[in-house]
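One structure coming up, written as structure tokens, with questions to follow.
Chain IDs A, B, C, D and E follow the sequence of writing; residue 1 opens each chain.
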Amino acid sequence: MLLDSVLFYLFAILIVGSSILMITRRNVVYAAVWLINALIGTAGLFLLQAAEFLAGVQVIVYIGGITVLYLFVIMLVPLREEMLQRRFASQGWIAVICSTLMLVLVSVFLFRGADSFHLGQAAPPPAELGQMTTNSEQVGQALFSRYLLPFEMASILLLVAIIGAIVMSKARGAPGSSISSMDN
Amino acid sequence: MKQHILSIIWLTPLVGMLLLLFIPKENKQLIRLFANIVGALGMAVCLPLVFWFDNSIADFQFVERASWIPSLGVEYYLGIDGVALLLIVLTALIGFLSIWCSWNAIQERTKEYYAFLLFLQAGMMGVFMALDLFLFYVFWEVMLVPMYFIIGIWGSARRTYAAIKFFLYTLAGSVLMLLAMLTLYFLHFQQFNEYSFALEDLMRTTIDPTTQIWLFWGFFFAFAIKVPMFPFHTWLPDAHTEAPTAGSVILAGVLLKMGLYGLFRFSFPLLPGAAADDSTVEILAALSIIAIIYGALVSLMQKDWKKLVAYSSVSHLGFCTLGLIALNPAGVSGGMLQGINHGLSTPLLFLAVGIMYERRHTREIAEYGGLATRMPVYAALFGIAVFASAGIPGLNGFIGEFAILRGAFEKDPYWAAFAVVGIVLGVAYLLWLFQRIMLGSITNPKNETVPDLSPREILIMLPLVAGCFWIGLYPKPFFDLLEKPAAKLVERVQPGYFERAGIPNPLDKAKQVAELTKE
Amino acid sequence: MYPVTTAHYMLLSAILLTIGAVGVLTRRNILVVLMSIELILNAVNINLVAFSHYLQDVSGQVFVIFVITVAAAETAVALGILIALFRNKETVHADEVDILRW
Amino acid sequence: MFFLDSIWLIPLFPLFGAAVMLLFGRLLDPQPAGGGHGHDDHGHDDHGHGHDAPPAGRKIISLLCPGMVLMAFVFALGAVIQLQGVANHTHEVVKYTWLTGLPSLTSSGAVPAFTAEWGFLLDPISSVMILVVTGIGFLIHVYSIGYMAHDNGFYRFFGELNLFLFFMLLLVLGNNYVLLFVGWEGVGLCSYLLIGFYFHKKSAGDAANKAFLVNRIGDAAFILGMLLLFSTLGTLKFTEIGAALQAGGFTAETAAFGTISAITLLLFIGATGKSAQIPLYVWLPDAMEGPTPVSALIHAATMVTAGVYMVARSSALYVLAPKTMLIVAIVGALTAIFAATIGLVQHDIKRVLAYSTVSQLGYMFLACGVGAFWVAIFHLYTHAFFKALLFLGSGSVIHSMSGEQDMRKMGALKKKIPITYKTMLIGSLAIAGIPGLAGFFSKDEILWQSWSTHHQMLWVLGFATAGMTAFYMFRLMYMTFGGDSRVEPEAAHHVHESPPTMTVPLMVLAVGSVLAGWIGTPVVFGPLHEALPSLEHWLSPAIATVGGEHGAAAEHHDTTMEWVLMFASVGLAIGGILFARKMFDRKLEGEPMRGLLGPAQGLFYNKYFVDEIYNALFVNGLVKGGGAQLSRFDARVVDGAVNGAGWLTRFSSTVSMWWDTWIIDGLVRLTAFLVKFISYPVRMLQTGLVQNYALFIVLGALGLLAYYLSV
Amino acid sequence: MIPQFTATDFFVLKPILLLSLFGCGILILDFLIKDPRMRWWNAMTALLGEIMTGVAIWQHQQDLGGAAIQGLGGAIVVDGFSVFFNWLFLGAASLAILISVTYLEIEGEHRGEYYALMLFAQAGMAAMAQGYELVTLFIGLELMALSFYVLVGFLRDEKRANEAAIKYVLLGAFSSGVLVYGFSILYGISGSTDLRQIAAAVAQREPTDPVMILALVTLSVGLFFKISAVPFHMWAPDAYEGAPTPITAYLSVASKAASFALMLRIFLVPLWSARELWIPALAVVALASMTLGNIAALTQSNMKRLIAYSSISHAGYMLLGLVAANETGLQGIAVYLFVYMFMNFGVLTVVAAMRREGQPAEEVDDLSGLMARHPGYAILMLIFMLSLAGIPPTAGFLGKYYIFLGLIEAGHYLLAVAGALYVAVAAYYYFRIVRAIFLSDAADPPTFHLSRGVKLATVASGVLTLLIFFYPEPILSLAADSVLLALR
């Protein structure tokens, strides 16, 4: 239990620290790296809560996929000039104050609600899930039964993302500028 | 035929408008001719109404009732009583004359113009027939749009401003009315568990006094703006002044009457408690009296001929509302009759302005003077209009004013005392106008060559002049028509008025007749 | 030391949400803004997993998978749009994108 | 009873004439192009196309219009003769119900349906009136044929004159107040039209407007009076009022100023407008802008007496309101002397007559006020003859003088226009109160009645007025006909006697002025009084008397005193005439009146300086409403007030307009402007910066959180 | 064990499946079309897809009897609500497809993906209308949003399109994050993603439970953003202006409708028991939306921006229906959305048809003198404007009618009065457009590209705008069904 606590705080500090560093780094590449750190911290928290499958997904999809995507795009942007420019928008301080206020308010609600934190009924694990031991199995089971439709739609979603990314990033001018012209 | 006569009446101009759309817009002469024919036809189809109308019946006649939107309880429900009959005939007449008087005045976008006029005509007719509040509201709003265009497209210099002002003012009032209607509708639903907008259904609803007063003011805004009562009148001078002649004629002749009609048909009967409430009565009377005097005073100072006439409408309509709010038979019938009167005499004045405007393209009173020498026929007809407006006995204005004053006097002598000030001032501004325009010698050389009225122009003015004389000399048929509706309203607002007063209730008589015919 | 409760996770989540929001609001570079949005989604994920753990219910974890998917898809589309923007305007700064206003 | 049942036709004859003229007159009397240019006054026409023979169309008009009036006169005469055979001398013909169907609540109970009928009542009062109206009307019509011969708008003149007679007959024949009011307004309207007959003259238009407007102020009171009367008694029918008063148990309101007093006062205010009494008399002198026959018919003989007729008609009410009666008497007497003093110093021949009319009307109201209603009618009737005569005579003078109206430019016309001179002399003697002529009988009766009813102060005023009347009338006569000729040379050789169409009416009226008074001889004449027909007797059924008993005052009078007073007034009149002869029947030098009155002449001009204060109060009004007419003597007083009121009205209407434009409409526009104005800052929120947008989202969230924090 | 994929499931899923299928089909078809001039086949295919979907929705409607049909263990349902909104999406998408062909051809961006994305977006919306479970709803929402991000920026060589897209995607993602944060708390409260169970769990809690409030706030923020309510509206004018005009129409109608569907589902099912809490906040937001939308629109000269601001104020009106929180008010939202579709499409179709020298002409002044040149379209525009302003005899009046009636029934008189008065304010700027069309003359009129599709879309919109007013019974009963089932 104590170990859990220690690990939680460790990961929490990692996440919060990396996040803050991420949003303050001038260099976008550094920011991306700190993002990775924050995501790793989150993966750690997932592990801590017996969500091994998710931790894996987090590392593979997030760190392996999304962040790399970022790095690709970063490469397109001239970093030198970027380094010489202002980092923050003109509304910076107002934004920080507002966000902090928001945090304070959210925290107030959270503290008020902390006592009554009997989240849900903490129902005993359903019998069917109890038979399966691994987290991955449980997730898989749920994903392909109750969440079958979202799962299928997620594929469409990804298709849309692919189309979108291609439509948007492809330069005009090629004879047929639709996806169909990719085979040219 | 007889049971669908009302539909025929309001659909005639509409169908005419639709047919008009098929005439190519280059063929202006044909368009004019066709529009005039439709206008005349619109008047002709009203005539059977006059003959078939049975004045011994107190209820609505020629009732047509069909479900329209069942889930809202909205019905296509038409019917008329004496007041509506008068207003419908007036509308038909004014509508036709306004089409006719535009023969030369409108040279541009002729097709649209006549289409809008006919559309407007249909809307106005509908307003006076609808007994379903939803239907009434629809007609009420529908007619705004063509009027907006008539002012906005064919008006004079500040037309767009005037048009939008007219539109927004009226709209603002009518949306509040919509809320009041909906509230009534809901209260009725709560009590009877059925949705209905029918006037008589809503009249059955019992409403507590406070709510009544709120609802009353909701309705009041719409109608007061339309009338227009002080201080909601400021759209009127602009709209009147900028509108083309036909627009002003219709505005003065019919549109302003809708406010009165609304008060008469909806505000008072639906909310008798509020209407009989002392403070309501006093506020309305005060506003009416202010309008009478104020309108007259402002008229005095006008340099613009048309604006003067416009402000005179404020003053005259003040009389009408004063009569209505007196809430006794004399006042109510006087108020409604004065509405009709105003619908005859003020269009005459506007026609007169329009005729001069066509010749000289200015409305500055200072530009004229001494026209009587050049245009004696015109001067004579204008004189009749002026005297009719000024309430000279023998012409219609006097009859209305007298009945109103009597009604007001019965309610409170001081009302009458204040109102007569308006009579004096009315003469002042009208005669001064007449003097500045017609009398004296011609000082402006441009007036030397203006031709007198053409036969068409004379013919347009004659029916109105005839109407002025008719009401002035023999108003009995009109009062007979108004008697029962007025009695109905009085009995509704002040239950037992007749019994208390020991006056035989005209409605009882009607009831007896009905029973007799039933047997 | 108190045992770590769900509330702790929620608080952490809230902090992360705030940091993400600050990033979105303050950073001129749209790339960093996008990254900050990832932080917000991460905050959601932390919440979901915490609840899932507390409730011993796997739906939360499934939800996380979808959130991650959405995050990926959003990032892809957003980066695509960013590239189109960059191609036309030669900027990745949020405050230089202001022809549409008023 | 053919004529009696046809009384409703009497007004219709002139109406027919009017309708024909106004609708088709232009065809009969083609107007030269260019309208009234160059015809500013009838007098000039002599030079223009005076020698042209009248066109055929005009002949038809000249036959038709007076012919219609003659028909009316014949019917009226027939009806009056037949009326003698009717019990109570009252006959009513109801043609149709005019206003109806309006049930009303009144203080005397409910009235099931208020009705005003289009009904005609012939009773002694109206019989006198219709005879005067149609008879004198006919003569004036005939006179006009000659007088207007050279004017444009011949048809219009006759049409409007006929229309006037229609309304006047309606006024006197109407069987209820509402119909009376129709006539009342109608005659005002025709007066408006006829005063403004020369509408191309600005002064004519102004005068017409002023007349109508001032009348209208009175009318407003009249309407209120009518309404109050109706709500008190529940009827407006003349024949029902007596019964209603009895049924209502009304008694004379000696102690308090009650409802009846209010009604009568309001009606009287109406009468002051129509009959030109203080304070609403100002329009009448200006009304002389109209053609002279109009002045004779409308502003002397008939219309202006409508107020007197109405008060006499309402005698049943007035006798119950002694306080109002007193007011009526005082106003009448004051008007009489007031107008007479003004008349003393006028130079315009028609204005002298106009003020004289005002003064004589004052006499009539004095008579009404002291309760001698029949005498008021009597004086009305005699006055109609001699004042019409005088006006027509002055018209003849003006006609012969090519339009000149200033007496300082006349003189020694006696020889040149003898018929006019002789007839006018008779008229002047009549108005001066020379025994045997019409004016003597009626005026003397008024003075005696006011003395005998213990209104000695009023008697003094009336007595003084009688002297002044004689003086100013003969001042007029001598300035015009006697003394030396001051005629402008160029006008002098045009001076000629008027055509027979004009002189014959003058002669007929002169005869009337002599004989008319003999139906109202004083009681002291004894046998003569018994032998001659008595107007008092004829009128008595239609008129109420104070105390309710017929002839109460006349029975117990002091015969000696009456003789004394009669001689005194006759003596005064003769003295006045002689004095005028002494002063004016000679070569005039300077301003004789100034020599006579000294500073008083200036006083009259300057309104006894009391009016200067009044004047100063409305100085703005004078400046604004300005104009030459205001510099005239009377104009300074009441006209000042009227114009001051006019200025106040203008001022308040300016304020109203300003208020309308800037406050009421301004509020609307301000709202519109503000809404539109804040539209820009609102749009400025949309900075185009995406992070600003995000900040708004955060702020929104913050707002929601803060709101729920407080829940 | 593992639930079977039954015929019912298939039946329930049919619209979503068909739309996805046709979307993919178009992508493939696009490969096969070599001649760019034949690209309209893509549109035809998309329309065919719409027709098929229509058949499916029709079947839904026919089989609908009283209770909802559940599929996939209750994750997705067919009820009156979903049928109603599916019809709406179908209408909006069809109209958008009709007017897109010419627009894209002129822009030179006529590509198959466009139609595919439209269908995918519609599939997402269908999922939002039919979904009864948080994850489905979330994925549906994101599917729709992602498609729209791309569609808004579809004219990728247009700077304005780029800008609109990037703004939309950044803010959209941000707000989705906030929304899904709220979802996570809902899940935490109930331990389930099923709306019924969440509703049951929420009902057991105090409405003022702090965590509940957090959920409420975050959900509100996310949903307000989607329906573009003040102060979360700011993306709307920019995105509307930058997007291709057909997409502006599609976005303003369908996306708003879908977001309202989501909002209604969430506020009426899980959060219903906390309505005391959210009604006041909603009222304020609604009022703010009407105020700001109307006021900002007053002086706006770009038609698309003006419509954007007007759509913000319309969102305010619709929110008032939710504030009323009674049958009439909710029915009002449905009716309002439905009629809003036609009038908004009508206006934007006309705007889409206007070109000057190949560039879109989007200013109010570009409409000047329309009456002289295209009287038919001028009159149609008049009908749309009247409808937008809520003046009879147009369908727009019915929407306002229900909203006002709902407010009155709920006793929110002041809100009703405010809403009513804003009708007059709104009429002012709608009539600025009318003024341009009828009262002004154009010096340099833009050309009109009136293809058959545009004509069909405008005339259909106009006719329906009138027809719904004169014969509203079918729509009203459909809307009534939808509400009854949403409220259970």
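Assume contacts are C-beta pairs under 8 Å (C-beta built on N, C-alpha and C of every residue); 3 or more make two chains touch, one makes a residue touch a chain.
In this text the structure is predicted, and so the values were computed from the model without any measurement.
Under the touch definition stated at the top, chain A and chain C share these contacting partners: D, E. Touching chain C and chain D together: A, E. Across the two candidate interfaces, C-E and D-E, the one carrying more C-beta contacts is C-E. Chain B has the Cα centre that lies closest to the mean of all protein Cα atoms in view.
Seen from the Cα centre of chain A, the chain whose own Cα centre is farthest off is D. Rounded to whole angstrom units, the spacing between the C-alpha centres of chain D and chain E is 78. Separation between the centroids of chain B and chain E, computed from CA atoms only, is 43 Å. Remark: chain B and chain D have CA centroids separated by 37 Å (rounded to whole angstrom). Measuring from the averaged C-alpha position of chain A to that of chain D gives a distance of 102 Å.
Within chain B, contacts with two or more other chains are made by no residue at all.
Of all residues in chain E, those touching 2 or more other chains are 135, 138-139, 142, 146, 149-150, 153, 156-157, 165-167, 170, 174, 178, 188, 191, 213, 237-238, 428, listed in ascending order. Residue positions of chain A touching 2 or more other chains: 89, 91, 95, 98-99, 102, 106, 108-110, 113, 117, 119-120, 122-123, 141, 146-147, 150, 154, 157, 160-161, 164, 167-168. Contact between chains, as defined at the top, is found for A-C, A-D, A-E, B-D, B-E, C-D, C-E, D-E. Touching chain C in their complex are the following residues of chain D: 683-684, 686-691, 694-695, 698.
For chain B in complex with chain E, the touching residues are 69-72, 112, 137-138, 141-142, 144-145, 148-149, 152-153, 159-160, 163-164, 167-168, 171-172, 175-176, 178-179, 182-183, 185-186, 214. Residue ranges on chain E touching chain A, taken from their complex, read 1-3, 5, 13, 16, 20, 23-24, 27, 30-31, 33, 36, 72-73, 75-76, 109, 111-113, 116-117, 120, 123-124, 127, 131, 133, 135-136, 138-140, 142-143, 146-147, 149-150, 153-154, 156-157, 165, 188-191, 201, 209-211, 213-214. Those residues of chain E lying in contact with chain D across their complex are 166-167, 170-171, 174-175, 178, 208, 213, 216-218, 220-221, 224-225, 231-232, 234-235, 237-238, 277, 280-281, 284, 292, 295-300, 425, 428.
Against chain A, the residues of chain C that register as touching in their complex are 1-12, 14-23, 25-29, 31-32, 34-36, 38-39, 42, 45-46, 49-59, 61-62, 64-66, 68-77, 79-84, 86-87, 92-95.
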